[in-house]
Amino acid sequence: MSGNGTGIGASVKRKEDQRFLTGRGRYTDDINLHGQLYGYILRSPVAHASIGGIDTGAAMAAPGVHAVFTGKDMEGVGGIPTGWLIHSKDGSAMVEPPHPALALGKVRYVGDCVAIVVADTMEQAKSAANLVDVDYQELPAVASIEAAEAEGAAQVHDEAPDNVCYDWEVGDKAATDAAFEGADHVVSIDVVNNRLIPNAIEPRAAIANFDPATDEYTLYTTSQNPHLVRLLLGAFVLGLPEHKLRIVAPDVGGGFGSKIPHYAEEAILTWTAGQLGRPVKWTCERIDAFKSDTHGRDHISTAKLALDADGNFLGLHVSTKANLGAYLSTFATCVPTYLYGILFAGPYTTPAVYCEVKSFFTNTVPVDALRGAGRPEATYLLERLVEKAARELGMDRVEIRRKNFVREFPYQTPVALQYDQGDYDATLDLALAAADWDGFEARRAEAAARGKCRGIGISTFIEACGIAPSAVVGSLGARAGLYESGSVRVHPTGSISVFTGTHSHGQGHETTFAQIVSDMLGVDFNAVDVVHGDSAKIPFGMGTYGSRSLAVGGTAIYLAVEKVIEKGKKIAAHLLEASAEDIEFENGSFTVAGTDRSKSLGEVALTAYVPHNYPAGLEPGLEETAFYDPLNFTFPAGTHIVEVEVDPETGEVDLVAVTGSDDVGRIINPMIVAGQLHGGLAHGIGQALMEECRYQEDGQLETGSYMNYTMPRAADLPSFSINHNTTHCTHNPLGAKGVGEVGSIGVPPAVINAVIDALRPLGVDDMTMPATSQRVWQAIQHAQG
Amino acid sequence: MPTVTMTVNGMERSGTVEGRTLLVEFLREHLGLTGTHVGCDTSQCGACVVHVNGTSVKSCTCLAVQADGADVTTIEGLANGADLHPMQEAFREHHGLQCGFCTPGMVLSAVDLANQNSDPSEHEVREWLEGNLCRCTGYHNIVKAVQAGAQAMGGGS
Amino acid sequence: MNDFTYHAPTSMDEALGALRGAEGGKVIAGGQSLLPIMKLNLAMPSDLVSLAGVPGLADIADGGDSVTVGAMCTHAQVAASAIVQGRIPALAAMADGIGDAQVRNAGTIGGSVAHNDPAADYPAACVALGATIVTDRREISADDFFRGMFMTPLEEDEVITAVRFPVPARAAYAKFANPASKYAIAGVMVADGPAGMRVAVTGASGDGVFRVAAMEAALGDSFSGDAVAGISVSTDGMLSDTAAGAEYRAHLVTVMARRAVEACG
């Protein structure tokens, strides 16, 4: 690998930027098809009701209206499936209630899809939707975990007694119990992981079309994983074979997990386009996005840590209740289980870990992955608990962490994972130095002189990314493999198209992957273009989430390039009248070892397509595809340190400094990696200090717009200090681990630990996320009595 | 139905609209200028920011008829041919964009600031961007880009 | 948004005529308050009458002991005005903190005052400074103008043309903003001016802007932050929402009042 100006390791400016900066991006809502109609989705205004009947007559008669469809019209079409089967402690399968795309018989959350009104314009469709007369016979609603598990609670689904979806566990309970019996100290904590609304700035949108000439459906949709949508929509909902269903996810304006799921609207639109024989377009209004994009997190947990007299961790016991919302979204069931419970070893050598998770249906928006997905929840709990343990044992909070670090790799945790590589001391040391940890007390004193309470907080963490080995996840209930495909097409004149099944919606794959390919093949960076987001162009793919694109998708491309080189060697050997074994490839040239006789990649490519003088038995063409199924998860790790100043009068928390020290594996483009870290940190800080989705008891969404759901703004955040200590992943050839979720996983406990540290002099020793000014002020009032 | 005429990116453009047609709808749907985005319906995200008579406004909170006769600049009109505007170039140079959706509004908001202040402090940039939400970047690189872009504009024009 | 008939008059007479001829007409100035509520169908006027083409409404005049701000002056214009900065710097600073940059570029003082949002900033400035609201037909003192949430004495066809602010000896505004909407949770304008010592609060009460007599009396005795720091306002009638309950709001009123006094220098 050359490491040149555009190669691996270089901060190459992004290929994507020219079009985005000049307004030439092509997002779903920018696409218009000839003859398209507009579909408006009528949503339930109530959280739980039986539908007595729906009268669509007046709406049908409204100007411009072509059709109104309800659940009854779509009866017989498959429901929206979920992608992961979880088994309970007793071996029983989770409860998997039907999820009709358009509500049938009942609505189960505010925002549930009730009807689609199709008209010549969106305004007409929306106006006509007001005329659809739905007889909602309201039922009691359960809008929280507490309400769902209460005695005599209303039932969200008849199939799910007590509103329970599953009661799952991981780890050795007996061994963990034994660890507690022999412990010198037991430290307990109760934490809530606040419910969040993802809020990618591009609202979801879709356009569906049916071509009667080919019997082919095309759906343009705001998705992180078009092939996954094709699989779910085609095989499970509409019963369409893959070759008759094309999914295009063009430029997508951010995902953060909320554009992973296959949504009801995608099924409704596609089915409607087939019914009408015309393209139908839908763009979600933000106000509807709040109540229809999948939400994230929403856990209530209690946990305890067993320690010996020296502060060594002996055992960890975690009990969590998770809110899944009204229906099971695509990855809903694995987020609070296999993306959560198996993270509880963290970077520590805790020998016995047990985690149980009971999940509930509620009359709220379905909950699914959100940046970090399960791992932020685990990290938050663990790092709050470790912090509390240090305090209760009177130990230094850095030393208690360091004392328990994993140092020998590979390391088999007691909860399934095997860490391949890491150096947690190095990331910790780097963070402490970068944050001037040792100089903090002077800063605290200086702030106190100004009437401000200054605090510092830390979290040390690992992630499991690069999702995921298919055999492993399959044994755990995944209904898909989580490999990735990559194709490399060397064109006759030497330019290159790279096809990836991952999807870029901000991550800069078009640049990063081009760097890998141009570096490996020794061709000009600008001669390489990356194609993604179209099931008709890409062999297959599982998409982008779980910080998997580089480690899994990048590796597939890497392997495809290796195949290209191998084939190129055969062609070059023929041209050079040498043996293929003697051909070396470097810097774009095939050379006979030990000689100066060589052929360029361009010459080889041309030969491959104009095979006048060509090896016998070798296929023409120079294009290779590789599927890569990872051997293990990857394990990025890091230390985050946050410094805050609290105004005790108002409760405002001012973020003074945020320091990230991360091991994300090999870095292809440092500029892009830093950007990913910044974004994740902002998201994690948003969770810790600002963002909170709240429902009223009746299931009405209380935080349903930017007027009352706080998004992090520029002035809420400081500039970040980003530091790297790199170890390479041992099981993929790039050595890559993943970076997209780091910030949102690592930083929330550091923020809250800092806030508590700041407030401890005032008698405050606990804090719930988000630490809003009102909550901080109330905590101070309470502590001061 | 009212007819509106305005200068958009230096060209006179006319169209027949409804009274309720928003400026952003006129730009996107009548003129096909889809670089201006809509990210919310409560005038907060700033993805729709354009310049009307030289200052930045939210085109989702402006009627097309209110812009009748105005001089409108959208993201498509900022670059000079193939040459990026200095603020666009600064965003590229400093990786001030990821998914690109907030970018047009962010850039046009930044240009408005730079027109008033060629050397804004980090604090001034962060305060100015209150009306522009970004979910990708954590604003870190946007702030750097705006500062660099403002200086480039001050030095260059 | 429901459709409506749009009028672009070029004189006040024409504007008034259009309003009188409409079944449910409304004036549109910058549209930063009106359009958001129209998009939510919380307002559905039959006609919108724009003041943008009516001359003479966007001037700022120094009247010696007062400053008159034309109704169509944007917040950005007020914030940047040398006259306002020189004579009533607290007003310029307040205008500079309204909404965000784009709202300030489009939103107007006339529109804000006419809308009388209980969380808007201008009502506090108008009441504290003892401003006069000037309309096409009369002058209304701020004390009589802000009559509870979204309520004003304006006639259906009455148009604000300017707001006249007496120049105070000293004044300052301190705001605690809702972290999501950025509207005031508690915004307090303190003014020591021709109208006497005034403390006007916006954002906190469901009835809109209100004065705090106890604080005004205390400041009359001793103009210092300490004078108001111990004075709390009742939680009765305080707004309560996800960002701030009544008790927290009431507390913030006191804190912001003290900070405004201290900012007066």
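Each chain gets a letter, A, B and C, in the order it is written, and its residues are counted from 1.
Convention: a contact is a pair of C-beta atoms (placed from the backbone, for glycine too) under 8 Å apart; a residue touches a chain by one contact, two chains touch by 3 or more.
Source: prediction; values computed, not measured.
When every chain is reduced to the mean of its CA atoms, the largest separation from chain A belongs to C. Which two chains touch most often is answered by the contact tally, and the pair is A-B.
For the pair chain A and chain C, the distance between mean C-alpha positions equals 44 Å.
With centres set at the average Cα position, the gap from chain A to chain B is 29 Å.
Along chain B, residues 41-42, 44, 130, 132 each make contact with two or more other chains.
Across the assembly, chain A contributes residues 706-707, 711 that each touch 2 or more other chains.
Contact of a single residue of chain C with at least two other chains is seen at positions 181. Interface residues of chain B facing chain A in the complex, by the touch rule stated above, are 28, 33-42, 44-45, 47, 74-76, 78-79, 84, 88, 91-93, 95, 97-104, 107, 122, 125-127, 129-130, 132-143. Of all residues in chain C, only 176, 178-181, 241-245, 248, 251-252, 255 touch chain A in the complex they form. Residues of chain A touching chain B in their complex: 13-14, 16-27, 29-30, 199-203, 251-254, 256, 285-287, 505-508, 671-672, 674-675, 678-683, 705-707, 711-715, 717, 719-720, 743. On the chain C side of its complex with chain B, the touching residues are 1-6, 8, 28, 31-32, 35-36, 38-40, 48, 50, 52, 76, 99-103, 105-106, 181-182. Those residues of chain B that touch chain C in the shared complex are 2, 18-20, 41-44, 46, 49, 55-58, 61-63, 65-66, 68, 109, 112-113, 128, 130-132.
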